[in-house]
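Next come two complexes built around chain A: one with chain B, the other with chain C.
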Partner chain A sequence: MSRGETRGGYTTVSANDVLLSVTGLEGGYDQVQILWGVDLEVSAGEMVAIIGSNGAGKTTFLKTISGVVPSRAGTIVFDGIALEGATAKEIVERGISHVPEGRRLFGPMNIEENLLMGGYARGLKDHELAADLERVYGIFPILKERRKQLAGSMSGGEQQMCAIARGLMARPRLLLIDELSLGLAPRLVEQLCANLVEINREGVAILVVEQDVLTALDLAERGYVFESGRIAMSGTSDELIANQEVKRTYLGI
Partner chain B sequence: MFPIWTKNQWLALWLGIAVLVAIPQFTDNDGTRMWMDILMYMILAMSWNFIGGLTGYPSFATAAFFGLGAYTTAILMNHGAPFLVAMPLGGVVGATVALLLGILILRLRGHYFAIATYGAAEGLRELAENLEITGAADGINLPQIEGTVDYFTQYFYYSMLAVAVLTVLTVYWVTRHRLGYGLVAIRENEDAAGMLGVVATKYKIVAFMLSAIFPAMAGGVYAYRAAFVEPIDVFDVLFSIEAIVMALLGGVGTIVGPLLGAFFLELINDFLWSHFLEFHTAFLGLIMVLVVIFTPRGVMALVQEVRKKGGLRALGGILLANTQRFKV
Partner chain C sequence: MIYLQILVNSVLLGGMYAAIAVGFSLVWGVMNILNILHGTFLMLGGYITFWLFHLYGVDPFLSLPLSAVAMFFLGYFIQLGIINQVIRASFFMTLVLTFGLELIGVKMALFFWTGDYRSVQTEYAGYSFQVGGVVIPLVRLALFGLGLLLTGGLFWFMAVTRTGRAIRAVRIDLEAAQLMGVNPAKIYATTYGISAGLAGAAGALVSAGFAISPVTDVEFLAKSFVICVVGGLGNITGALAGGLVLGLVENFGALYFGPGLQNALGYAVLLLVLFIRPSGLLGRAGYH
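Our next item is the complex of A and B:
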């Protein structure tokens, strides 16, 4: 697999190279199996959406990719290297960042400290961290304004920005985002989508779980529909939006 | 990159140390003894704060490490080791036991962890009561220090002060280091911390070892001063509980909180001890209840809130508001 040039500080792979390839993935918690053989691909620099109803296994899928939940069967190949059995730390170091559902910021830390935690796994020198901070502040200027504010005291939208920025601090090549718009006002969702497009343009591939199907398919080039731990459908966003099944189940049309 | 202490905090630290160094010159031996007790509880409370405050794992093992340090010092000194070798080795033993114990029980969370640490402390006490090397329930004597009463008092005061300064410097180092931020991240959300690449198991074990090493050294000073150790005394669960109460009183997870908590509670303790011997533990319980009801996040948080809401006039309102969080 060829490594591409560095753009805007993020190492990118030339287009159409498969960055993440998941086949037959099974996983779950203790006695409960949630994922029953998921196949999914994300190309370098691509933006892909996962949609599906509650309990379809979307969150578990992301957690299995990032190593928080162990996989039981199947393969996860990232940039040509198998990730099954790798620890969460190793996976972050390889270039996958997970922005968890509900943001999960560290409330008593201020914004800047939260962001620094994002660069944690890489063990960087201070001046490297400072450069990365400036880069994410460039994308989210409001975070710079409020950098000394406690994360717990911000609005939901600002917290989501902080969570995404924290994910970016790990210099990922693939950003996993769980429930981008949950509980946020439409205007903020628009703003966040614009931010994601900007991040994506810098070469970071994004796999986003989003309950609002229109937002998801508007944002992403391709999408996967999860149902009961399996992929029920996949295709380009246009194909999915035009699909009768998707219309009936998720859009109520 | 992580924020360091401000100049004022540094200044306060060195000023505090300077005052403590000078204290024996300004008070009698009894006063120096009381300050030594305050220092000891500061060590216990600050140490508990590593695992209980920063990391959010409520440990009752302080007494276990205190006792381990006391016994290690006693046994080594009876075999001819000088105090200044035996006491630090007590710290090493405490940290080693914390390492092994941590591997076993740090996968437990919340109440289960608390119970396991309490069990470990009680288990060690039982061991000490039954092993030959610890003199069983009779305890063991240590060599007596020689010299005048002044020398005796100041020797132990300065030994305790040395351990306390070491503890404060470690607190300083940890809170400005990645380690401290990793611990707070674990407390706030262990899963999210893991996603960012914080290896929680490793961090928790380090925090547990930090919570062990200084109480063990303090136990060594305590043992040499008493020239006698017995299980029921040095493995007393009150050491664990007082450390927790002091940290709670001052402010859990803060830097200065445990110091203030230890200072005030030990002052109160000393007063009650000398005036109401019978009731002194009952008062301790009362204070605990009042703290939890009126200022569950500690005095430090209370001070901050009073400042934010405009002075002492707001105090009553804040205290009342705090009690409301228990209403269902």
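Our next item is the complex of A and C:
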């Protein structure tokens, strides 16, 4: 893998520098195997979507990458280093942050405490994290207004913002987002998509699982279609939208 | 006047009781373990204080931090090395395991130190002063103050520090906490260590004011249980409330029914609370 050149103290990465490379990934839960050989790639700074029907294994796939579900075979290489045997903690530390399905905020904690938990892996004191808090509050100003409010008492949209902001507090290079729009009003989804574009422009690669195919392919440059724990199809968003199979199965046209 | 005196005695005792029970409550609330070893840490903390005083003349209040630190490490490694092996096992399994360890602890204490009651006789043990006719023994006041300090310290720790927040996060949503980079095994060991450290400190308090023996173990385990259930499991203020209630019940109980029935009255209140308000006086919050 080629590293980008260094300019003015910043490392710039060329567009097709592979950040995450998954090959032949198999995994699942105690007795059941769910993933049957998944190959997938995300380049540095890229935005990629995963679509697929219920139970296809999308969530399991993300959990296997972030290390809370063990893999059985295959490799996950992140930034040139194999993640084999790495714990969830080590994986966040290396720069993969996972915004889980259903947000999974710490409901009885306030927003700011949730965000500070997001920065936990970095091992910094709260006051050292203050600058990062301001940075995510800059993206989601509403969270700053509500920072003392209990996360469990907020609306679904605010909770999703908080979950994404919490994910950003780990300073990831790759953000995994599971079910961005589920249960949210269209106007909120638009807002969140705009937020993701902004985050992505700052150089964070995003791999987003999204059940609404049009939102997914509108947002991302490329997409993968999951079916029964395998990749059934992949391509650019335009290719996938034009595909008869995708039209029939996911768009009902 | 006698009522006021007993009221004051009860409150002073209650402060120490809170410190005795709060670590027990922490482990129960966060890890869902009924930690039978709690009384053992308390007894060992008491013996550390006694021996340091007896052999080297170290003041019990000075050896308190030492008891606390020693028990923290003992607890940390017992959890990491032994209890952690069955952390996914049932409530009953961890109960049996800690019960087994407790038996070993008590038998060893009996073997090495005999069943004799030991007490720390400092030269200021008998000091007291009067406020409006109420006698306030100096040592009891110190036990009260330090008990509140320990309990308040845990409250502060859980609310404000990075580790305290991680403990709460693990309690609320284990998998989400893992995604944040929290290592559950380490957090469980730390939680257990803190609980044991608090018990060690509370044991030092007990031995500064009361005679101790290996059976102190079971006695204070029982008290911790009553306090936690009465006050409401899983919150620190619950331990404080439960401690005060137990202090009141024991002292006023001794006045009306004689001193022999103290413990029985504690259990009576436990049953009463379970009957009227099963979630405890302050409810079941669970260390959020």
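Here is the rule we use: the second predicted complex is superposed on the first by the 236 of 253 C-alpha atoms of A that agree within 3 Å, B and C clash if a C-alpha of one lies under 4 Å from a C-alpha of the other, contacts with A are read in each partner's own complex, and residues count from 1 in each chain.
In this section, contacts are C-beta pairs under 8 Å (C-beta built on N, C-alpha and C of every residue); 3 or more make two chains touch, one makes a residue touch a chain.
Keep in mind the model is a prediction, meaning the values are calculated, not measured.
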item: Superposition on chain A - do chain B and chain C clash or fit; value: clash
item: Partner chain in contact with A:107 - chain B first, chain C second, else both or neither; value: both
item: Which of chain B and chain C A:60 touches, first, second, both or neither; value: neither
item: Partner chain(s) touched by A:181 [first = chain B, second = chain C, both, neither]; value: neither
item: Which superposed partner A:88 touches (first chain B, second chain C, both, neither); value: both
item: Contact residues of chain A, present in both the chain B and the chain C interface; value: 66, 68, 87-89, 92-93, 98, 100, 104-109, 113, 116-118, 120-121, 126, 166, 170
item: In the complex with chain C, residue positions of chain A that touch it; value: 66-68, 87-89, 92-93, 97-98, 100, 104-109, 113, 116-118, 120-121, 125-126, 166, 170
item: Chain A residues within the chain B interface of the complex; value: 66, 68, 87-89, 92-93, 98, 100, 104-109, 113, 116-118, 120-122, 126, 129-130, 166, 170
item: Chain A-touching residues of chain B, taken from the complex the two chains share; value: 1-3, 178, 181-182, 184-185, 188-189, 191-199, 253
item: Chain C to chain A touching residues, read off their complex; value: 162, 165-166, 168-169, 172-173, 175-183, 288
